[in-house]
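After this come two complexes, each holding subunit A, first together with subunit B and then together with subunit C.
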Partner chain A sequence: MSNQTPLPEPQEQLPAVGPTARGVENYRGNARRRIIRRYSGYLFLAPYLVLFFSFLILPLIYGFWLSLVDYEMLSPEPPGFVGLDNYSEAMDDPYFWQAMKATGLYVGMAVPLGIGLALLMAVLIDSLPQKRQGFYRLMIFMPTMITITVAGLVWRWFYHSEFGLFNAMLERFDIWVPWLTDTTWAMRSIVLMSVWWTIGVPLVILMAGLKQIPVSYYEAAAIDGATGYRRFLYITFPLLRPILLFVVVLSIIGSFQVFGQTFIITEGGPELATRVIMHYIYDTAFNFYRMGYGAAMSWILFAVIIVFSLLQFRIFRER
Partner chain B sequence: MGISKNTQRAIEVFVLIVAAIFVMPIILVFITSFKPEPEIIRFQGILPIQWTLENFREILGNPEEIPIFRWLLNSLFISSMVTLLVLTVSSMAAYALARLNLPGGRILFFLIIATLMVPPQILLVPVYLILNPLGWLDTPLALIIPAGAGAFGVFLLHQFFKGIPKDLEEAAAIDGCSKLGIYWHVILPLSKPALATLGIFTFIGSWNDFMGPLIFLDSVEKYTLPVGIALFQTSYYAEYGLTLAASVICTFPIIVVFLFFHKFIIRGIAMSGLKE
Partner chain C sequence: MLAKEGLLGHLNVTRFSHRFQVITMPTFVRFRLLLLLLPLALIGLIITGMSGCRGGGDVIHLRYWNGFTGPDGRTMLQMVRRFNEENPDVRVTMQRMAWNTYYNKLFVAGLGGRAPEVFVLQTDAFVRFMQADFLRPLNDKIMGENGIDMSDFDPNVIDTVYHNGNYYAVPLDAYILGMYYNRDLFRQAGIVDEHGDPAPPTNREEFLHATRKITELGQTDIGNIWGFVFTFFRYNLAGIMSQFGGSLFSEDGTRTLINSPENVEALEFAVSLIQEHRVAPNPEAIDSWIGFRQGRVGLVFDGIYMLPDLQRQGDLDFGAAPIPQLGPEPGTWMGSHNICLRADLDEETAEAAWRFARFLSDNSLDWAEGGQVPVRRSLRDTERFNNMYAQREFARQLEIGQYLPSNPFVFEYFTELDLALERALRGRMTPQAALDLAAANIQEIMRRYGIIPSDEADGET
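Let's turn to the complex of A and B:
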């Protein structure tokens, strides 16, 4: 029976299901085996997937559900479905708008300043001899490594109106700046510190992008007599654009979530002038335990971030 | 390259000045932490007139009120565990997704990559409410386990694994190597640079994390260094000397790690930007 038709080569190499197994059963066994083999890769994936679904997908869905209920952690009543009430509450909440305004102001200042300086430094450093480029990049990147509490507390000391280092240094020029005590200056001070603290990542990415531009382009431009800013305008900038877009979007997304800087340096003050949206969400959820409202504002922030990313993408594409 | 020697020199001087301004605050913190309190409050020059270790002595010699060693150990433990977890689960997942041709693997990979767009901060409220019934709040688990869910590691390693030549894997398979064997003996040893990059990234990110421990931890002795130091803002508000000494203790290890491994860190960031 078994010697009627010789099995094809590859199947013969697989271990038989049993010594008496018939050809058909053997084949079926192999098919099952093959399926097991194909899916066995999921064993490698399983530990990550458990975490991914429990702590990323589930919170995402759960957070959306939370935004639709009236969940006050300290109240004995079970959470009740309120539809879009949390969202309409935000629309009528002056504190929400104040926080949004503060966040917008921060993004509007920190992104152009940060990316502008990062781009300038990247281009300048790139024009220096290769040997020393790494050194300068290292120095400018270093503040990024420091934890926000340390950076924040230190800058808080720099900015202090009486004992602060900045005003002490400016004293000899008879200048006195209300770094953190004036509602207008407070946000500027936060932005200044943030540029120092966050410039490292865009700088590194932009420098890597500059390295990818073939030298031959510049050589060709030099023959055509293009130098200085023309070189930048007609070669560097267009070729760097996709990476610049990436960095800008990254920076916008990060800036909308600003929290540590204002939380530590100004504590949201003076007069809530620097209480940004993440700070207000934190207060709502973890000081007043209004989880539903906090989750709803998180989703509004998420929506704003996505809109901005898509908008940026389109603007750059159309050009 | 079209720039005169003088222009280049001027550029370099400018770059050097800017770079110095960026490093200055860090150097100032280190130097000033050796000043006595009155000298810190009344600025009389960058270098201390009188060098002192008093700030460090006070902060280290007061373990009941300021358990800074405890915080240091907590930070070390949590960051190491997070790094281990992320490296293990991400590399296994990335191996399966990049090399094993799983049914449904592409869709899963797409789903995982899409979550890179989700700002982790918006997950804080729901994650808090998930951790609460598990009894993990105010324990290191709250900071360790959810950290394994991030998609960045899977993405980074996936891109790297894709680039490893298939023949090595096939040769190992012919020699009778199982999938686990290939993962362990072929893929991982060949990916040391990518693993190092991801590991350092994860470690520093976890070490510097502020919002997570702020929300998930309650007891002072369970704090990590960054949250512990934030306490100074409320308790030792006016004592700059203590704050600065604590800052030095917290920053020093990171600066050392950074100076040793900056190549990996910078390469990792550049990679994440250019692959887009």
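Let's turn to the complex of A and C:
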């Protein structure tokens, strides 16, 4: 909304001089109206704000407090304040680092691959006749609508190296891939499935972005003899940048919180190679009932996401 | 989707000229309003729907939670319906959720005082909930006029719910690890008895012979045939370890014995099936069961709960038998579903809940039909049970079945156990090294729980 030209504020009608009876009344009426005008917005926001505070802000504060105490739900002792002990435990916990590494690997592969493919497909689909675009967009968006449980269960069978679909098909070409049995391959397989599953969202957003770029720019470029590649580089890409930033940030935040895919397809295996940080936090807090430690790790993850998001904004703004 | 629409709306407003804005804004606002009203309407619907569900009058309402999300859930639902019909003064509503998230939901509901009146606990999780004071001791009900004769239960089963002189639950069943075998592959490999019927192995020699012969059958058009495959490492190995005399914790529960020589030997044997005898493919923790369903595996060890899967398939000629004795003594793994009552029920509700628990136990043959073994001997001695082929075969192991130890840190030691088994079976570590590492980590967990004093020197063996 910030770019929008502000509408002229209606001038308030204040009484000219003197406290005449009518003037006072007018003034009061105006004051009431002013108050209403100032606060009525909040009234409209109230339903959301109530939910926002009770389900986001309060848990956030509570979570921060949790991260500073030694709260183990099964322990008979009341939670005691331990300061930053939970945080320092994470620093010395090999499982934490393993999970961070797995998460980093996922983000490092899934984000560039996902956005790159989405951008490529968005441009390709956008170049098709308008009538057919909807069909392709729907096709690519479709997997996103499948719940992760269903998609995950199907893919984990696809991926089974001995009894799965992919290797049965690849066998004709004498290829055998250790999809989920190899510690390096497992994460790649997860990324591949995730890209298939999630690509619809960035694709739809990017396509909407492409539609906003005035056709006249392309026409001008065509007259000047710019090739398709150059048109992409000098028109599409720069004008798409704000949307791209939005998509990348969204994708990074989402990728750091990857959970469903690994939880269902590999259950964190083999040998914890795909147990990502969210999975470890979940285990710690809800299976091992170590709320304090789980909360501390969540805050570390939060900090990491914030840092990455700020970096993004920086990079995209500078160019 | 919301974010997407929001963004599009944004673009409309920011990019177009002032003239355009006048046109787009009202529709845009109207759309927003609609978006706002939609969830509100939904919430309203849910609330009215929920209030409609509540029974009126003097009916006692019982909420019953469990993790029976598979075909077993349908069987259970039928039993619940029958109970509701036969007991008009009680209304049971059942809620199912997947086991892997069930316990934390149950636990959190319990902490908030909203636990269901009746719920199911698997033996693994039992002690955790008992020690957290979630369970109502049932002695008064069991000994009461509407009681159950506890001697009807198998002693090793009832032991798991008996603590400090109190019964805390009614065991509903025992899901035992047994052997499923592919009768076609057995015939093809010539492993048959004098009548030409497939002969399932009963000891180590027969097991190795059968699996080797079947593996030698070689290729099909969709891949290799294997004699054996590890399905779920934890339960597969728990069964094998019990045959080597291994246990995971000392009697008093203060020390882990996971790296005892017996367990190491059991794991070494399991690894040899892959690396030395080559009768099993490289282990994959998930979904190897599918190989058996595809008819490409000679035999597997899995729970009785997998039976409906095979029965529905129809075109697989499978047999069921106790698992062969691979170690020096007979044994197998098992678990139970236990019916528990919430700790703080008032007398009237407790009576109704008990009536329901008893009903489930009394009718556990209905339950067994869906792929379970009842744990009341009087029910197993019936014609009806004898006609349940796989259940009957698996039930032969009831006396030698062993539970995995249940303690407050059960899921934490499971993580270590699973990891050690995976490392060894995948050949990344020797069984000894993998189990030693697990032992050290489990000691650490026990120290954190205060089971081992923290100043005590490391108890690694």
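Definition applied: the second predicted complex is superposed on the first by the 267 of 319 C-alpha atoms of A that agree within 3 Å, B and C clash if a C-alpha of one lies under 4 Å from a C-alpha of the other, contacts with A are read in each partner's own complex, and residues count from 1 in each chain.
Convention: a contact is a pair of C-beta atoms (placed from the backbone, for glycine too) under 8 Å apart; a residue touches a chain by one contact, two chains touch by 3 or more.
All figures in this text were calculated on a predicted structure; none of them were measured in a lab.
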Overlay on subunit A: subunit C relative to subunit B, clash or fit: clash
First (subunit B), second (subunit C), both or neither touched by A:168: both
Partner touching more residues of subunit A, whether subunit B or subunit C: B
Touched partner set for A:286, first subunit B, second subunit C, both or neither: both
Partner chain(s) touched by A:222 [first = subunit B, second = subunit C, both, neither]: first
Partner chain in contact with A:181 - subunit B first, subunit C second, else both or neither: second
Touched partner set for A:49, first subunit B, second subunit C, both or neither: first
First (subunit B), second (subunit C), both or neither touched by A:157: both
Touched partner set for A:212, first subunit B, second subunit C, both or neither: both
Subunit B versus subunit C as contact partner of A:237, first or second or both or neither: neither
Which of subunit B and subunit C A:306 touches, first, second, both or neither: first
Subunit B region in steric overlap with subunit C, selected from 7-15, 97-105 or 187-195: 187-195
Touching both subunit C and subunit B, counted on subunit A across the two superposed complexes: 47, 156-157, 163, 168, 201, 204-205, 208-209, 212, 243, 246, 286
List of subunit B residues in touch with subunit A within their complex: 1-3, 8, 11-12, 14-16, 18-20, 22-23, 25-26, 28-29, 40-43, 88-90, 92-93, 95-97, 100-103, 105, 108, 112, 115, 117-119, 121-130, 145-146, 148-151, 154, 179, 183, 204, 207-208, 210-211, 215, 225-227, 229-230, 232-233, 240, 243-244, 247, 250-251, 254-255, 258, 262, 266, 269-270, 272-274, 276
Subunit B-facing residues of subunit A, complex: 38-42, 44-45, 47-49, 51-52, 54-60, 62-63, 66, 121, 124-125, 127-128, 132, 136-143, 145-150, 153-158, 163, 165, 168-169, 196, 199, 201, 204-205, 207-209, 212, 215, 218, 221-222, 227-228, 231, 242-243, 246-247, 253, 256-257, 259-260, 264, 278, 281-282, 285-286, 291, 294-295, 298-299, 301-302, 305-306, 309
Contact set on subunit A toward subunit C in their complex: 1, 3-5, 47, 73-75, 156-157, 160-164, 167-168, 171, 180-181, 201, 204-205, 208-209, 212, 243, 246, 250, 265-267, 269-272, 283, 286-289
Subunit C residues within the subunit A interface of the complex: 3-4, 7-8, 10-11, 13-15, 18, 21, 36, 40, 103-104, 107, 111, 128, 131-132, 222-224, 226, 229, 281-288, 290-291, 294, 296, 408-409, 411-412, 415, 419, 422-423, 426, 428, 449
